[in-house]
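Labels for the chains are A, B, C, D, E and F, by order of writing; each one numbers its residues from 1.
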Amino acid sequence: MNTIYITRRETFNGAHKLWQEEWSEEKNWEVFGKCSNKNWHGHNFQLFVTVKGVPDENTGFVMNLKTLSQILKEKVIEPLDHKNLNLDVPFFKGKMASTENLAIAIWDEIYDIIAKNGGELAKIKLVETENNYVNYYGGKEPF
Amino acid sequence: MNTIYITRRETFNGAHKLWQEEWSEEKNWEVFGKCSNKNWHGHNFQLFVTVKGVPDENTGFVMNLKTLSQILKEKVIEPLDHKNLNLDVPFFKGKMASTENLAIAIWDEIYDIIAKNGGELAKIKLVETENNYVNYYGGKEPF
Amino acid sequence: MNTIYITRRETFNGAHKLWQEEWSEEKNWEVFGKCSNKNWHGHNFQLFVTVKGVPDENTGFVMNLKTLSQILKEKVIEPLDHKNLNLDVPFFKGKMASTENLAIAIWDEIYDIIAKNGGELAKIKLVETENNYVNYYGGKEPF
Amino acid sequence: MNTIYITRRETFNGAHKLWQEEWSEEKNWEVFGKCSNKNWHGHNFQLFVTVKGVPDENTGFVMNLKTLSQILKEKVIEPLDHKNLNLDVPFFKGKMASTENLAIAIWDEIYDIIAKNGGELAKIKLVETENNYVNYYGGKEPF
Amino acid sequence: MNTIYITRRETFNGAHKLWQEEWSEEKNWEVFGKCSNKNWHGHNFQLFVTVKGVPDENTGFVMNLKTLSQILKEKVIEPLDHKNLNLDVPFFKGKMASTENLAIAIWDEIYDIIAKNGGELAKIKLVETENNYVNYYGGKEPF
Amino acid sequence: MNTIYITRRETFNGAHKLWQEEWSEEKNWEVFGKCSNKNWHGHNFQLFVTVKGVPDENTGFVMNLKTLSQILKEKVIEPLDHKNLNLDVPFFKGKMASTENLAIAIWDEIYDIIAKNGGELAKIKLVETENNYVNYYGGKEPF
């Protein structure tokens, strides 16, 4: 079977800070450094979502990228874009706002709806800066 | 064994359209949207070809990148560059011109000749736009 | 006066060919090479539009980028995206489809409407591939 | 004389919002849209600083890029990186936090110290996203 | 378990040549071409280091990227940046200076110290030019 | 007149060092730092060459980019690619190997031949790293 992987990129701009409520300001500074600035900082995030499948005979598509893009815009970009990741995002409330945790939360938010649309979510890559990014595979083996 | 993976990028500029002959114009528009424009559109494609192997003791190479590049230029870039993907490409005739199908067709076109030159084709990444790309691993497990 | 320059990037994917109707096929091939392929080829074009002005006291804006982006989407991206530049574009009909001529045609298409919205069009950069682009300043001195 | 222009890129990540205090929330939303989110958003800014001069006979340098980078790090990156542009930046207090205004403020902050180090500041390019940037030439003719 | 993968990019600029001492000049030229130029050539290398782990409950981190970056700067960038890869690098002495071999040598240099700091090195990507790069997974299955 | 500017990018990989023969090793280190490493270092240089003109009525071209690319390959890339900039380049012998001086030397090498082919060289941009580049306009006013 010709299993293949398609990837869609979307972007969003958000503010956040790394801050552990149960720690002192000193401890937060020691661990998170300037990322703990109480007045926030922000990033141009790039999200790459990879879906796995076999190309359909009629369309040549694993999944229509228009559909995938609409799902991402509604479920991820709308709640995150031009938002404060610590304060404004229903599906991310109360979590440490690390890129790792955000990637996992995005996975959980879109896995089922992608499945309902005939795709299988395979990988999320979340790029925070040109020097830092994370990959998540739903806890499964990476690729 | 120090198995390692080398990747070569090549680029080509092609025209295509997404059009299912057995469907009406309306159905084509409904599924493919502006990609079904009968007068074609096009892209600057980027092709990343990954070959797997163990570095040779004398050269430090998995495979000489000059050889890999020559194979790609002859077998892929020459037939695809500045061409119409639906009309002009012998090894892609009669197929739905999706990026998924093109990646699979390129794999089939170069797998054997890379093997004859001592490499093992492991992955093809075909980038259509800055927002869309596909990965293909010959139907094997991805990485 | 704090004159400053803002730039907005938009993208579109089009097909075209370089073909001079008054020339023979041989002459076309000699001058335009593979760009003259009669079945078309295409590109992911990037358009950078620069507008000149003094930041408004209330907004800090030379011009609202939302407005600029809407103008570009309506006047340029809609007519060009997923289109055949030689056949489908009302404002580019009958012109040699070189990147130079397209940049000039885009300038002429948007100069007045940007002026009506309080900006002064200063520069167009049209990127055809990672190796080729053109800059146009309305025939005025470049920057 | 061989006048030449050298450019140094530095990056910083900041939070900001576009908010005019003298306007109602509705008016702010109408003009600034999602950029007016009261809980902030942010960006990976890229700053390109261009200095003009004649290469020194002994060094071949217009200005030692190490010196230029140190000036930028001390005067611009340190105050802006991982900061809130509306709240945390002494030289930007009380200004509308548009990219235009920030570029002008950075120019004013570094012009003299670059001159003292033998260079002439010629241009600032401040990139907010892959789609938006501003250029400032000190109010002088652009290039 | 939410195993996730974080990646840090670092850059270095080095000179090298591809030259097999046991071969004649002709043989070296035949195999390595212009890469065998006896007076060296060089590259802006990009190193992407991927570490695997489960996000810590308090920090949301697989591993503090500041720690990872410090390890890379001390163990890899300091010895390689602005150096001659064939002559100046203690941990690479006597090896064919191919990108493949360098990636393997970097893996061996940092695997243990990353483990001591609570991370598990999972992948190295070493980019030599925009057209060539290698991936290494410690000889294990790729991803 | 519709004066327009076309730009062609070419790349080359070279080794160099910054070293003033008339200075002591200490003085060289003090001024040039790690760039003075006696065993060389290197870069992936990107050269952007801009030519000015009016589009030809028949071709829509300021200058055929194939011609421009051939000139650059023969006059610049061939002598510089995979070479030592201090030792191997006839037209750069005896000069301090700064990026500034190299940009000026490239200008002098190609100005006349571009003129003979109907173009007017207007600008050279020479990118040394993602953080450093120089622009040269033949000593004329910049743009």
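As a convention for this text, a residue touches a chain if its C-beta (ideal position, glycine included) is under 8 Å from a C-beta of that chain, and two chains touch if they have at least 3 such contacts.
Note that the coordinates shown come from a computational prediction; the quantities given were computed from them, not determined experimentally.
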item: Any chain that touches chain E and chain A; value: B
item: Labels of chains that are neighbours to chain A and to chain B; value: E
item: Between chain C and chain E, the fewest steps along chains that touch one another; value: 2
item: Size of the rotation, in steps of 5 degrees, that lays the CA trace of chain B over chain C; value: 180
item: Which listed pair, B-C, A-B or A-D, duplicates the contacts of A-E in over half of its pairs; value: A-B
item: Computed distance of Cα centres, chain F from chain B, in Å; value: 34
item: Length of the line joining the C-alpha centres of chain E and chain F, rounded to whole Å; value: 29
item: Overlap residues in chain D, where contacts from two or more other chains coincide; value: 130, 142-143
item: Chain contact topology (line, ring, star, complete or other); value: other
item: Pairs of chains in contact (touch as defined earlier), listed by label; value: A-B, A-D, A-E, B-C, B-E, C-D, C-F, D-F, E-F
item: Chain E-facing residues of chain B, complex; value: 1-10, 50, 52, 55, 58-62, 64-66, 122, 142-143
item: Touching residues on chain E, where the partner in the complex is chain B; value: 18, 20, 22-23, 31-33, 95-101, 103-104, 130-137, 139, 141-143
item: Chain E residues touching chain F - in the complex, by the definition given at the top; value: 11, 13-16, 34-35, 37, 39-44, 81-84, 87-88, 129-130
